[in-house]
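Comments concern the structure below.
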Amino acid sequence: MNWILENLGLIGSLSLEHLRQSVIAIVLGFAASIPLGWVAWKYKLLRGPVVSLTGLLYTIPSLALLMILPVLTGMSAISEANLILALAIYAVAIMVRSVVDGLNSVDPATRSAATAMGYGTARRFFAVDLPLAGPVVLAGLRVTAVSTISLATVGILVGVTNLGYLFTNGLQRRIIEEVLAGIIAVAAIALLVDLLLLLAGRWLMPWTTASTLKRRTPAPKSTEQAAS
Amino acid sequence: MNRKQFFSTSALVLAGSLVLAGCSSADPLATESDAAQDGGTTVVVGSQAYYSNEIVAEIYAQALEGAGMEVERQFSIGQRDAYMPQLEDGSIDVFPEYTGNLLQFYKEDTEARSSEEVYDELKKSLPESLAVLEAAEASDQDSYTVTKKFAEANNLTSIEDLAGISEPLTVGGPPELAERPYGPKGLESTYGVKAEFSATGDTTVEDLVAGTVNIANVFTADPRIQTEDLVVLEDPKSLFLASNVVPLVAADQSEELAEVLDPVSEKLTAQVLVNLNVQSTVDKKSAADIASAWLASEGL
Amino acid sequence: MNLISDALSWIFAAEQWQGDGGLAALLGQHLLFTVLAVLIAGVIAIPAGWAIGHTGKGREIAVGIAGIARAVPSFGLLILLVLLLGVLHKPEAALLTFVVLAIPSLLAGAYTGFEAIDRKTIDAARAVGMTEWQILFKVEIPLGLALLVGGIRSAVLQVVATVTVAAYVNLGGLGLPIITGLNLRRFDMVLGGALMVAALALVLDLAFAMAQKAAVPRGLGARTKKKFHYTDDQITLEREMS
């Protein structure tokens, strides 16, 4: 435990680095997934290819992606931008499917009602489709956030410093507390971001909170799932 | 109302993240081009993702700071293949290197073996933008190492002796050793020693002690050679190059850097390096603390 | 493109497949780790998930455990376990890491499978006089199977992608050429290894997609189809949310 107490400053600054790298990647991945998911949802022909191709990205081992991206983009392998791009790609791999599923979960009748009220395509998408797809999209975003934060640690193997440093450095020096501190810090950041997203979701989409309350009150064994 | 809320917050989040992204993109790019231009004012010191290398880098950094220079640290940048491009394009100015391994990076089939030969040839092989300052006596070179027990049981002092052993041999080392000229292939062609290879990576010494491998590729400044009772086998046919610690620097700044770093290298003996490593692995001190304590004790 | 053709010629070179470090052996190790880890995780997580789904109790705890397990970085956990268990127990350390990785998806697959069943169906089964065990084996398990297979599918994919790091602690697998190539700047090896992992994942994913379809009991297809489209992770979280 001594090591941890003596190196709180290091753990803190690595945590901030880690958080910054992950948040940028999550936001970029999210921003790219919305239009991709929309295209896949809108044009049925494209749906299969887009969803499975982006899903396939997830199977590329992260170490390999970190080495191959620089060859394609001309970036330096050890630059932070390289790690962030790789993480954003994995985020897209998870998110696109959630966006498609989310848009699918919107009742077509609601959409027709919006059209009938004179909503144009763009306005309808942002004011009706996207908010209603929100719960499913947010669920995907939370999975994405946790996995991105955990995955970012491999950056250290190509020289991007974040909490992963505590793993490799701890292994070389045989300091178990150092590795443990890294794991705890990563997990804490992941759970914190997850919680923030959950709260943000409740605040942005108050209608979901109401139904949660209604559903949670009776024992879980009741008929709660039938409606969904 | 809900929608308005949804919107304004989405916009806020997006704007915020763009700002974040903006800040950060300045950061990685800076290491590639900007730093190269203002290299005169700030000295960028890099290090490998290897704790011992980081200590030496920290020593260089603090010595330079002591001489009144602005220092920026870019530590823990993986392996040579990852950071050499950064040195070549000028985004890193100072890097602790090892003469032999660095020479092999530029000249894989080099014949040089002794410290002097390696150092001289290295000077000729470096690209124009780079220079090496005076090398230290301290070396951290590849070796084939066995446990004392194994050495005594088989009467081993040199790699040559391995050829006479009947029990099956396994060499442990980093995965890339399989392809290196001094790896198992070199062991067989130079010494006629046949051995299996096991990619034990960062746990090579533990594997040797535990007995999953009987020969290990260990860096000679590893403190565990002393603490774990290991024997470094002699290398009479020079499979390995001598590899002394040396500051690799940007050629255009080599004069002012030499003034500060040459006296440091002079004090950096083999035993000093092992001692510094011990402070990191056994006493668990940070590289910065180890470096400042040593510099103070040497009056640098 | 050059890069990809280099990688392919590296993969298809005959000598690459032979010997202890050959691709055939590495592929075998990779599969073995994946199968063992998912099996062990399944033995732990599936009965637990079924118990949660059947009784409706302990769900919050399961969600919490799964959440924490998901947040733990596998790379760090592997290193920690190797340091704690010692080098003689590297395979156990790696296996444990992958088991931890697989548990959340399997757990979620098992209990969401039960939760997705219309409660009226269960009530009907109880009304016709089925015992709790009969309800479990004749109603809940068959009806929840498709989502469970979905959970196994995503667990397998996560493990396949992650077994790559086993090479970092000398356990072979298809990560070995990637890690070796990384330090040698041999992009054909790095990309070749990556392509092998991706191909393996793709084949397994297709197999599970078919199994998932086959696991929907006949006559049930149309009504539940939409649900099965989600991955288990999303279902779990969506349910927490909504």
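What to note about this one:
Letters are used for the chains, namely A, B and C, taken in the order the chains are written, and counting of residues starts over at 1 for each.
Criterion: a residue touches a chain if its C-beta (ideal position, glycine included) is under 8 Å from a C-beta of that chain, and two chains touch if they have at least 3 such contacts.
None of these values were measured; they are calculated from a predicted model.
Just to note, of A-B and B-C, the chains joined by more C-beta pairs in contact are A-B. Ranking every chain by how far its Cα centroid lies from the centroid of subunit A, the top place goes to B. With centres defined as mean CA coordinates, subunit C is found 19 Å away from subunit A.
Between subunit B and subunit C the centroid-to-centroid distance comes to 38 Å (mean Cα coordinates, whole Å).
Along subunit B, residues 202-203 each make contact with two or more other chains. Contacts with at least two other chains are made by residues 82, 168, 179, 182 of subunit C. In subunit A, 157-158, 168, 171, 174 are the positions where the chain touches two or more neighbouring chains simultaneously. Per the touch definition, subunit A reaches subunit B in the complex via residues 2-3, 6-7, 10, 20-21, 23-24, 27-28, 31, 76-82, 84, 126-127, 131, 134, 156-159, 161, 165, 168-169, 171-175, 200, 203-207. Remark: subunit B residues 2-3, 5-7, 9-10, 13-14, 17, 20-21, 24-25, 27-29, 31-32, 49-51, 75-78, 82-83, 85-86, 202-203, 280-281, 284, 286 touch subunit A in the complex.
The part of subunit C that touches subunit B in the complex is made up of residues 20-21, 82, 86-88, 90, 167-170, 172, 176, 179-180, 182-186. Against subunit A, the residues of subunit C that register as touching in their complex are 3, 55-57, 59, 67-68, 70-77, 79-80, 82-84, 115-120, 157, 160-161, 164-165, 168, 174-175, 178-179, 181-182, 187, 190-191, 193-194, 197-198, 201-202, 205, 226, 229-231, 233-234, 237-242. By the touch criterion stated above, subunit A contacts subunit C in their complex at residues 56, 58-65, 67-68, 71, 97-98, 101, 104, 135-136, 138-140, 142-143, 146-147, 149-151, 153-154, 157-158, 164, 166-168, 170-171, 174, 176, 179-180, 182-183, 186-187, 190-191, 194, 198, 201, 208, 211-212, 219-226, 228.
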